[in-house]
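As written, the chain order gives the labels A, B, C, D and E, with residue 1 at the start of each chain.
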Amino acid sequence: MTAVPIGWFLILGSLLFSIGALGVLIRRNVIIIFMSIELMLNAVNFVFVAFARQLHSLDGQVMVFFVMTVAAAEAAVGLAIIISVFRNRETVNADEFNLLRW
Amino acid sequence: MNTGVFVLLATLLVVAALGVVLARSPIRSALSLVVALFFLAVFFLLLDAQLIAALQVIVYAGAIMVLFLFVIMLLNLQEHPAEMARAGLRFLAGTLASLFLLATIYFTNRSGISNAQGMGAIPDGFDSTAQIAERLFTQHLFAFELTSLLLLVAIISAVVLAKKKLA
Amino acid sequence: MMEQYLSVLVTFCLAAGLVGTMVGAGRLLGPRSDNPVKGESFECGNPSSGSAWGRFSVKFYMTAILFIVFDIEVVFLYPWAVIFRRLGWFGLSEMAVFIFILGLGLLYVWRKGALEWD
Amino acid sequence: MHEAITHTAVAVSYLWLIPALPALGVLVNLSLGALLGKGAVGFIAPGTVAGGFGVALYCLVQILQLPPGSALEQTLWPWISAGNLQVDIAFRVDALSAVMICVVTGVGFLIHIYSVGYMHDDPSYARYFIYLNLFTCAMLILVLADNLPLLFVGWEGVGLCSYLLIGFWFDKEANASAGKKAFVVNRVGDAGFLLGTFLLFWSLGVGTHSLSFQDIAAHAKSIPLDTVTLITLLLFVGATGKSAQLPLYVWLPDAMAGPTPVSALIHAATMVTAGVYMIARLNFLFVLAPATLTVVATIGALTALFAASIGLMQNDIKKVLAYSTVSQLGYMFLGVGVGAFSAGVFHLMTHAFFKGLLFLGSGSVIHGMHGEQDMRRMGGLRTYMPTTYRTFLIGTLAIAGVPGLAGFFSKDLILAHAFSSSPVLWLVGLCAAGMTAFYMFRLVFMTFWGECRADEHTKHHIHESPATMTVPLVLLAVLSIVGGYVGLPEMWAWGNRFDAFLAPVFAAAQGGEHHMEMGLEYALMAASVGVAVGGIALAYVLYVARPELPGQIADQAAGAYDLISNKYYVDELYDAVLVQPALKLSNLLWRVVDVGIVDGIVNGSARVVGASSSFWRRWQTGNVEHYAVSMLFGAVLILVFFAWHSS
Amino acid sequence: MGLEILIAAVKALTVILMVLSLAGVLGWVERKGSALIQDRIGANRASIFGFAGAGLVNTMMADPLKFLTKEDVIPTGVDKLLHTLAPCVNLFPVIVAFAAVPFGDTVEIAGRTIQLQAVQLNVGVLFVLAMASLGVYGVVLGGWASNNRFSLLGGIRGSAQMISYELGMGLSVVVVVMTFGTLDLQEIVRAQGHMIGGILPGWGVFYQPVAFVLFFIAGIAETKRVPFDLPEGESELVSGYFTEYSGIKYLMFFMTDFAEIAVISALVSTFFFGGWQVPFLGDDGFHFGSTSMALPKLIVVLLQLASFMVKVLFFCWFQIMVRWTMPRLRYDQLMRFGWKGMLPVSLLNLVVTAVVIVAFQEWRV
């Protein structure tokens, strides 16, 4: 992959990130919103690794470890929350979760 | 060939990512995400980050997405007729996301790194598990130990939240 | 180095090609005759009632969560296993702390009864 | 005049054990006390103190074997590192500290043992021993500290434990407020102590200072005289608070609300002597300020007389002993005030023995009388509790200054030094000695002699205390007899070994000492013996031979009687002069400043926020998508701004 | 570049054919083996011209052809794409995982050094595990896309079982990695070439017997065969997650089963039994202490290949034997054994190994 400049990777990363953000905004199913967030996290990971490769640093790769861990913890807790919300409200539609306000 | 491979894989990746966002059925969405993650792993491999590539598949595809699938099946989520947001919000979201993308492309262009001649040879030790491990377990020791606490909290909260009997 | 990635890509392509061919050949060669009874799900001859996609015990979900957490632990263990000789007692103790904390999690789950299948 | 003494220090690694062992007892009993049960708690708590005593004895032996002036040292770790203040957590044992740690752990151990029996039926058994161990630990830190800040840690630690133990039975209003009183009065003294420390650090001048005693000693001479006087006076304010001297003595009599072993350990044997210890420890500083020493001696003598006079009229057995303690502490200050530091410390040690004994004996009496503390309802107890009686009598003889017992030697030494400093001080001390003999024997006669005045029910149950209580009594009685023989007058037998042992510590103060003639010394001794015998005789006449006399005297001198039996109205005076105005001022501040201004601002701003948020909260729809859109909008805005701004 | 692609393709094809033929052979071995164990003839009409051994040809050729020409029934009301995808994602990772296992040392052909390993990565161990973790999808999708509650239950059970035992497997592999200090499978095999005390082969099993047992048990659980065949328990779930499959898709599920057996056997050989190593055989021939026997390079390579195949076949046979001699577990027992047995034991094994290795190293015992 030596011939491809890093700019391409960055643009691909931001494209993925935008798609993820779009998913968060236009979907109503919380689980799919969640998956879109995972996609955004992965876009960031992707850019981490690309930069690490470009800047000759190992820290970018190490950071991916931590992002993965955070993603795992987030998925575990987030999905647990979704399950317990579903128990009470029988829905996973984000626009029906609006109790979190005045 | 390199550029060709990049474009091919990037296209597949973007298609899979769009699949996540646009698929009607949650399970297809999840599978699209698995495919996208798999292609990301291939990208990591081509960026000489073998360890990350393997971990990407093990952690994301092999563990996190399984959990997503389980939840989808557990809650028996089928296609939902009113799945997408209202048209107005959709339009707004699309505009904002495009603006965001354009802004990042603008910055990437302006910074000049996109004009560089590719990435060159593998940095010394970049693909060596031992060196990454050394970094991880010496310089990032504290973050590593904190990770365990994060996971502990995740376990406990997941158990507390999910332990009640499912109706 | 290129050789390594080449081998991966080629193997992937060939394996994908193989499974694709198999499915495709089955499509082409197999006969086809639709029949409503044939399409019914197999429940030992009884007509099935209701949807097959019921809800499941939350146990499966607990298993998956626990798996994620310990999978992350294993993932951290691999790079550690490669260099723990070089780190000596220091590396051992830091991993001991890590495993101990996650062990507490396992103990908690164990005591909470989330590992019970009854 | 005095030979140069080498101050050699030997680094050792076991000093930390001495305070750490009681601390371990605290930890164990705190975490497992409820689990272990009384047996284990009552074994662990005294056990740790016994361990500390063992190490302390080992230290003493080490010190005795080393050349005079040597000390053991252990620096644990750096503690405060702020600019040119570099304080370590460091311990140091020289002759003075060695005596102190042996007294604290030894007497402390005996009192722990005693407590096992005394507190046996208390529901908060474990809590009691946690406090007691914590106190021991803090007291040991106080006496082991190598520097003033660490000493202050111990100083505050013992204060805290004193508060906790006085209010041990906090469900009784009186006890809780007695604890508070002790704490508040001590704060006054502590403020002086702290100011003194600050001033000392400030006046030590340029260079890095550790505030260790060596460091202070090395630089003390360069401080101007009036500054030194001020520093020492401020430190002495701290000492008057902790050691219950005029005018801050008022908390100690009330402190008798705590369990009796606590009174013995904290409010007689150890904590209250901390002030004396501190002045002895800083002797090199105090000798630089003669004016302060005069103040110390005067306050000491006045306190001795004043407290003794109140003690004459008290009817509560523990109150008598409390005033007696204040009075005896006055003696110690008189001693250190006239420059006789080793005499003061000597009296401190003997006092620990016999006053500990007396308190424990009174505890035994109270235990036997089922909580009765009023001597007017006692009497004739010597037949019921013979061991308590005999040991108590030994303690009384010791404190009264009867020749051959510990108190005689130490008190006499102080009075001799006082005489050579100022005959007036000696005379005041002598009067106090006579009163001491009188009220102590009054106590003995009222309690143990004559007819029993208790009601029938109580009388039926009077019994001797269990062995865990009487064995410490016997041991302390032995110490009260033999404890004095380490410091005989110079002209007898082996002379004053104790003084010789401590001499290197007080090398700076040694200059002013001079030996007096043998004849004069015998004369002074005769005078104090005479006064003591007179006091005893008077007590015998008034309370055994002719018990109707005290009532008649009280009637005839009604004014004086009222004044003294009401403790000179000092508490009332304080209340009127200090407490009431403070309460009024606080009330004013509360109503005007707090409610009016502070709360007004807080409530007003809350109302403003509330009003505006009822508008802004419309933006919070509770819908996640709206939030997400807003976030993305913000991100895009930031990006666009930067793109526009930087191009 | 073209030549390199060709070499890679040849190696990959070799491995794929190896897997497929192994799967075919195992199909026959299982039938005949179960007959042997149960004292019956078994598959008696598979002989050709009265020659029973030729039944092998039957399972390898006639069976696939028959399946290919059968109708592919897709139940009504299911997601057709997922229904088709399930057998594919089931088979794909197994084949790819096998490709990462080295089947021989490097050889030199026409001045080129060629690794006898289709996928060469210096994180080969992780690659294999990553592919193993993908195996869950085939099971779970097969169950989901069948519109049959038995299938769905089988699929969910199967995936929960696989992830549970993946932990034990991963942890025992960590111990192997600790012992050899590398993630490269070829390096791991090379590290087992020495002799302990001149007599015992330096195989992983002699260093890590506990890890071997754990890995093998977890491996059997991953293949979902007796005693861990709950996902496809015939008496209760018909055929589990592939009840609703027929034709070539059914064959693919079946092949996956046998290919998994082969992969587990290959991994056991690689991690614990020296892979292609032959005891006493060096690069240039046998060495027994001082005496040695020189051999041509070609013979050495062939011996090593044979050694690998023999080991793999032995463990395949061993797994088939386990299947036909063991009773099965209940599902709660299975999960309890996975979480309360395998996981703590493998963690303990890991800790003990780490302490022992570091202690030996630091104190130079």
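We take it that a contact is a pair of C-beta atoms (placed from the backbone, for glycine too) under 8 Å apart; a residue touches a chain by one contact, two chains touch by 3 or more.
All values derive from a computational prediction rather than experimental measurement.
> Go through the assembly and pull out the chains touching chain A as well as chain D.
The common neighbours are B.
> Where each step is a move between two chains that touch, what is the least number of such steps from chain D to chain E?
The fewest touching-chain steps linking chain D to chain E number 2.
> Which chain maximises the distance between its CA centroid and that of chain A?
D
> So which chain is farthest from chain E, going by the mean of the CA atoms in each chain?
D
> Going by the touch criterion at the top, tell me which pair is linked by more C-beta contacts: B-C or B-D.
B-C
> Compute the distance, rounded to whole Å, between the mean C-alpha positions of chain A and chain E.
34
> Using CA atom averages as chain centres, what separation in Å is found between chain A and chain C?
Each chain's C-alpha centroid was found; their separation is 20 Å.
> Just give me the whole-number Å value for how far the CA centre of chain B lies from that of chain E.
29
> Nearest whole angstrom, what separates the Cα centre of chain A from the Cα centre of chain B?
6
> Hey, what residues on chain E touch two or more of the other chains?
121-122, 126, 144, 152, 156, 163, 166, 183
> Among the residues of chain D, which are close enough to touch at least two other chains?
625, 629, 632
> Scan chain B for residues touching two or more other chains and write them down.
Only 46, 48, 50-51, 55, 58-59, 62-64, 66-67, 70-71, 73-75, 85, 89, 92-93, 96-97, 100, 104, 127, 129, 132, 136, 147, 151, 154-155, 158, 162, 166 qualify.
> On the basis of the stated criterion, which chains touch which? Give every pair.
A-B, A-C, A-D, B-C, B-D, B-E, C-E
> So in the complex, the part of chain C that touches chain E is made up of which residues?
Contacts found on chain C: 2-4, 6-8, 10-12, 14-16, 18-20, 22-23, 25-27, 29-33, 36, 38-44, 48, 52-54, 56, 59-60, 63-64, 66-67, 70-71, 74, 77-78, 81-82, 84-85, 88-89, 91-92, 95-96, 99, 103, 106, 110, 115-118.
> Can you name the residues of chain A that touch chain B in the complex?
Contact set of chain A toward chain B: 1-12, 14-23, 25-29, 31-32, 34-36, 38-39, 42, 45-46, 49-50, 52-54, 56-59, 61-62, 64-66, 68-73, 75-77, 79-84, 86-87, 92-93, 95.
> Looking at the complex, which residues from chain E come into contact with chain B?
It is residues 1, 79, 81-82, 85, 121-123, 126-127, 129-131, 133-134, 136-137, 140-141, 144, 152, 156, 159, 163, 166, 183 of chain E that touch chain B.
> Hey, which residues of chain B end up touching chain E in the complex?
1, 25, 27-28, 31, 34, 41, 50-51, 53-55, 57-58, 61-63, 66, 69-70, 73, 127-129
> Sort out for me which residues of chain E touch chain C in the complex.
The contact residues of chain E facing chain C are 4-5, 8-9, 11-13, 15-16, 67-77, 84, 87-88, 91-92, 95-96, 99, 118-122, 125-126, 144, 146-152, 156, 160, 163-164, 166-167, 170-171, 174-175, 177-178, 181-183, 238, 243-244, 247-249, 251-252, 331-332, 335-336, 339-340, 343-344, 347, 350-351, 354-355, 357-358, 361-362.
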